Amino acid sequence: AAAQADTKIGMITTLSGGGAGLGVDVRDGFMLAIEQDGRDGVEVVIEDDQRKPDAAVQIADRMIQSEKVDILTGIIWSNLAMAVVPAVTAQGVFYLSPNAGPSALAGKRCHPNYFNVAWQNDNLHEAAGAYANDAGLKNSFILAPNYPAGKDALTGYKRMYEGELSGEIYTKLGQTDYAAEIAQIRASGADSVYFFLPGGMGISFLKQYAGSGVDLPVVGPAFSFDQGILQAVGDAALGVKNTSQWNKDIDNPANAAFVAAFQEKYGRLPSLYASQGFDTANLILSALDKAEPADQDAFRAALKAAEFDSVRGDFRFGDNHHPVQDIYVREVIKEGDVFTNKIIATGLTDHADAYAGECKM
Amino acid sequence: MSLLSLQGVEASYGPAQALFGVDLEIAEGEVVALMGRNGMGKSTTIKTICGMLAASRGELRFDGHDLRQLPSHKIARLGIGLVPEGRRCFAPLTVEENLTAAARPGPWDFKKVAELFPRLEERRSQKAGSLSGGEQQMLTISRALMTNPRLLILDEATEGLAPVVRQEIWAAIAWLKTSAGLAILVVDKSLKELSAIADRGVILNKGSNAWEGRIGELPADMADRFLGV
Amino acid sequence: MMVTRESLLNWAMIAALLLVPLAAWSLDEPFIITLATKAAILALAGVGLNIALGLGGLISLGHAAFFGIGGYAMGILAAHAQNYEPLFEWPFLFEGSNQMPLIWLTAVVFSALAALVIGALSLRTSGVYFIMITLAFGQMLYYFAISWSAYGGEDGLSIWVRNEFPGLNTLDPIQFFAIAYVILCGALFFAARLARSPFGLALAAARQNEDRVEAVGLTPFTLRLTAFVISGAITGLAGALFADLNRFVSPTMLSWHTSGEIMIFVILGGVGRLYGPVAGAALYIVLEHLLGGISDYWQIFLGVLLLLIVLFARGGLIGAIAGREKAHG
Amino acid sequence: MADVVLKTDNLCKSFGALKASSNVSLDLRAGEIHALIGPNGAGKSTLIKQIAGNFAPDSGTVELLGRDVTALDTVARARMGLGRTFQISALAMDYTVLQNAVLGALGGQGRVFRFFRNVMEDPALLEVACDALERVGLTDDAHRRTADLSHGQRRQLEVAVALTLKPKLFLMDEPMAGLGADGSHRLTGFLDGLREQAPILLVEHDMDAVFALADRISVLVYGQIIATGTAAEIRANAEVRRAYLGEDAAA
Amino acid sequence: MTYILVLEQILNGLQFGIMLFLMAAGLTLVFGVMGLINLAHGSLYMVGAFAAAAVAGWTGSFLLALIASLAAAAAAGALMELVVIRRLYRRDHLDQVLATFALILIFSEGTRWLFGSFPLFLDVPSYLSGPVTLPGGIEYPLYRLAIILTGLAIAAGLFLLIARTRIGIQIRAGEADREMIAALGVDISKLYTLVFALGAALAGLAGALVGAIQSVQVGMGEPVLILAFVVIVIGGIGSIKGALAGALLVGMTDTLGGVFLPRLFTLFMEPASAASAGASLASMLIYILMAGVLLVRPSGLYGGSA
């Protein structure tokens, strides 16, 4: 029985400033699904959080108190999620994360009304560690920025990786020059490099790495090799392996339709973030088919069932409401003028996260 | 024809009016003394001439040019050299740099200025800010000369100087008048020296003209009333 | 005291800051109340900064340090109170606290201490160097907080429920607003008295002419340091309230952007105007709120508006409305 | 001999190669005006700054009221009773005349760390301040902004602020500078009366004022005192005439 | 750790310092000469990088891209000066802070509006790419060597311009007393527009040079802006020599601190936490350096009176 009453979805995401690209992608993917569905009675309100935690908290308050939204989504960054999610779920509203999956929310602080549609933060790093074993890498040099997500990243990699570490470095958050780190890599005798440097940091690192003459294989999570920023990295990224739960060449009808529709509507290839936005919207719509958010238990069960056509193919939630999914290894290639990825292997199959056990729900 | 001519000039600092109609004429090669008690508008008159303060009414002409239309630097380039009240040398610059900054082609250059004030030659590469008061005063006079002006304006140029130096400066002014043929507008409190050198005196009182004529002929009651002597 | 246009305006402003949320309360628009609370708290931070900046002429670009310390005082005390993990056991067992008065006291004490240390070092410099050295200390704390994993690092610390105040329900927006409003009024009253006190006279004189103050036998350094400490303490108190408003604290509160924003409230309202920060914070928040909906590029409009205000409304908002003359004594 | 309130002993101060003070020893006695004259750049202001505590001398000592104060800073010396006027007016320009005077009174009283009482309504401070303004003749201008005062009035205000401190001696660096003839006359008369209250070390280029006022005159040339004596003695000194006064000064 | 690696890291510090200098030079010029706090200097850096990326995209020529960065940033700077900055000289620093903060918003979002939210591509030209082997066997990217040399040449040129030429002297005179220099017949407004455009062009060039090895994106100027402020304050405001010294000091401290502190910490901590604790301290290091320098020399290394 389709829900007849109006459903209001609030999207809080980053639409201005340096990190806006990710927010724009999530929003565009999300709205594409909503428009394709075209049903009446679903209203989406979108607000820019400027990547400021306090702004995000206030927008959430407003959406809940004034606009009376039933569901919130959209946040890109872990620190904003940590600020917003607990307060939102405590007020009895559903939150679906289209990106960010901080470990606390997967473990000790999990909540029945919180669902993560993307990944737990460690997932892609774990897959990279597993891939390193498969690829026979025995002596990795690993680096990440010195903040919680960075530490989680290296921890995630080390959780799966079985070889030796020739070096482990935490860089400054927002650092743009990596000459010193690259020199250390050169001197370390490593056989490969694993790095997690999101956004501009990754672009800088790769360009400088390519120019340094160091020639070791590089592995990273998808964040530094995604559609939005690959063009800015250019040739420097060619051949790099990266891990992702999605790519545009995953072979299923939902994905093919999504890629084509996205390209048609926005004139660019969809990114990982767009796919996550798209999946989030479709998940919500599938649950709305079964229950109203006001009927919390029913709606929660409908979400948990996750009966929608994910662009990733198989998709299901674990007990802590985080995905259990395959994570692939991609390689950066050039198609015509455009840099993009193709899947070359599967890193982890049906993988859940390491914190599920801590979640008591 | 007069070189500089002011007619009915009025000017204000924000809401406070300071000049209420000042008239002033200076001919080529003439030395005019502008006099008056403290706060009567002498420096303000000078600032309006130099374009540092806008006249709200009246006419200001220099050599046929309407000064009210011109920004400060263009006025200076017409040939007006200013020695301002309170010295205002460029403190972080050396003596030589102070002079170079102002230099424009003409007979006055560093060598000639150094002849007039040999002390400056000795202090050539000292920062102007650490010069003694008198040295700074010499520097600002030299700086104005380096612009090779036709009209030199001296606002309290002998303030704070030792009597000997003061005599030197008066001698220099006299020399500028006779040998260099400069027109000079001079503000100073020393009546004795002014009457020796100036062709004419103009007294301001509360922002407008109170008396004009040869200083020697200033009636005693006026001197008392307008100058306090 | 003479009734000037400025004092009328001040009364109007402080009344509006009270009436708007009251109206919103009766119309059941809790978010407007939240906005007003935010304005009141940020104005409080501005009032703190204004004591250093307007009265003492100390342009501090590091006040986020105190704002953040206040925030972390709240975060740490409340987190321990929630976890039942004692904060320390010696000399006595302390399990944190979720009582606002105790949190405020902690915030004030620690931000004052920080201001004492930072001020004592920074006040050896002046002018632009002072601006930058305060910024440096702010950044040090910022980077420290980012990597301080015990309290969440860059992710920050989240508190589910607002802390408690005896006799009030702080979760009710209007009641929490009332707390912030009363504190703001208290700070304004204090700042007004301070400006006219012997200390205020000497402090402002040190801003205008240091030599003169020394020559009458007063030490500008001590005057400034005292002002800096008072200023930091008030801003720290604002930080604790702000964290409570969001039920969240993170290193963002310590970043130089935050310092810049607090400073912008002060400048926007009018430097040295007692109520300047109130006007500035309110305007900024309203603008941010109204423009946010216009387009993705709304910050362009915000920029243009700010620019117009600086260029054409000299003396800030209050200056533009009430006239340039500052009221003295 | 009258009490010595200020004494410098062999003060030396160099800026690089330049000796701005070399072995300067002078004293100021109760009830006198001691004028310090000398060519521009002779080191008068530098000496004043060493006495006031702005510059530390390279060697030598400064004694104030019988105490060695060489190691003390400006504030401490001001508290001991050293009143001062500056060569370039140092006043709080945004304040009213009265506020500047009250500031002086506050400094004199020393209890500045009070955060609640209204300073401009403190009768004790106001009395001191108004009294000082009265003495310099600025009572009518008490509520004007200092920035709007004429140059001469600012000089008077400087003296008034110094007076509020009830100083035991004055240092004055060119107080006549920039004053017109009438201003100089008035100030001369005023300083004349002031010496009873506190002796003055006066740096001045206005010879009319110096000769009218000074009990003793010291002449500083190239950082050295070349002569000390009464007005008549100094006027007659050939070296002083050559270095400073010029030939027609004796007339 | 071999001495080669140490040498290489010193070279890296030098190179990072030079990059900072390029940014700081324009800032210190404008700051010292015109007494203006220009927070929007970082925006000019961004304008330079975007202009370069756009032109490199159209023409494929890196040289043209550099020229475009100079021209675009200079033009943006001149425009900014004529429209906004010129009204701010006589205002106090606070008005300048607010106005130039507003300019940041306008520039950043304006750029995003023009170029979109995603980073742009700008790469090192092939004739400057790849490593070269230096005496002693150090392999070092050619492009970074080129940056070092360019930076040093610019430092020398600027120093001569300001210290020796008449224009330089007039600029400094204007800094001391703007009204007076105008009254002496110098067109100080034009001079200031020029200086501002020059400072902007330097920032733009820095943006383009650095953009080739970093990411060209909105907001790229802000982190560097703070570093550049740190540099000029350490060096002493207005001093080109100081900016160079400050930049090298900051570059060295940051690079070497980042490399050696974690190692130092391993002496008494286990590796993972040493890496993290060392990195934390390293990120605070330049601010500690700045505070330290200012405590000893309150107006910077080469600053006059504050």
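As written, the chain order gives the labels A, B, C, D and E, with residue 1 at the start of each chain.
Just so it is clear, contacts are C-beta pairs under 8 Å (C-beta built on N, C-alpha and C of every residue); 3 or more make two chains touch, one makes a residue touch a chain.
Just so it is clear, the structure is predicted and the values come from calculations on it, not from any experiment.
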Third chains touching both subunit E and subunit D: B, C
Least step count from subunit A to subunit B, where 1 means the two chains touch: 2
Chain located farthest away, centre of subunit E as origin (C-alpha): D
Result of counting contacting C-beta pairs for B-D and A-E, higher pair: A-E
Most distant chain from subunit C by Cα centroid: B
Averaged-CA centre spacing for the pair subunit E and subunit B, given as whole angstrom: 44
Subunit A-subunit D separation of Cα centroids, rounded to whole Å: 74
Geometric centre distance via CA averages, subunit E-subunit C, whole Å: 31
Subunit A residues counted as touching two or more neighbouring chains: 16-17, 20, 24, 146, 151, 172-173
Multi-chain contact sites of subunit E, meaning residues that touch two or more partners: 108-109, 112, 276, 279-280, 283
Multi-chain contact residues (two or more partners), subunit D: none
Chain pairs that touch, as defined at the top of this document: A-C, A-E, B-D, B-E, C-D, C-E
Subunit D-touching residues of subunit C, taken from the complex the two chains share: 190, 193-194, 196-202, 204-205, 208-209, 211-219, 223, 226, 326, 328-329
Subunit C contact footprint on subunit E (complex, rising order): 31, 37, 84, 87-88, 91-95, 97-99, 101-106, 108-110, 112-113, 226, 229-230, 233, 237, 276-277, 279-280, 283-284, 287-288, 290-291, 294-295, 298-300, 303, 306
Of subunit E, residues touching subunit B in the complex: 166, 169-170, 172-173, 175-177, 179-189, 304
Residues on subunit A engaged by subunit C in the complex (per definition of touch): 15-17, 20, 24, 47-48, 52-54, 57-58, 61-62, 65-66, 78-79, 82-83, 86-87, 90, 102, 104, 146-149, 151, 172-173
Partner subunit E, residues of subunit A touching it in the complex: 16-18, 20-21, 24, 146, 151, 168-174, 176-177, 179-181, 183-184, 186-187, 199-204, 207-208, 211-213, 228-229, 231-236
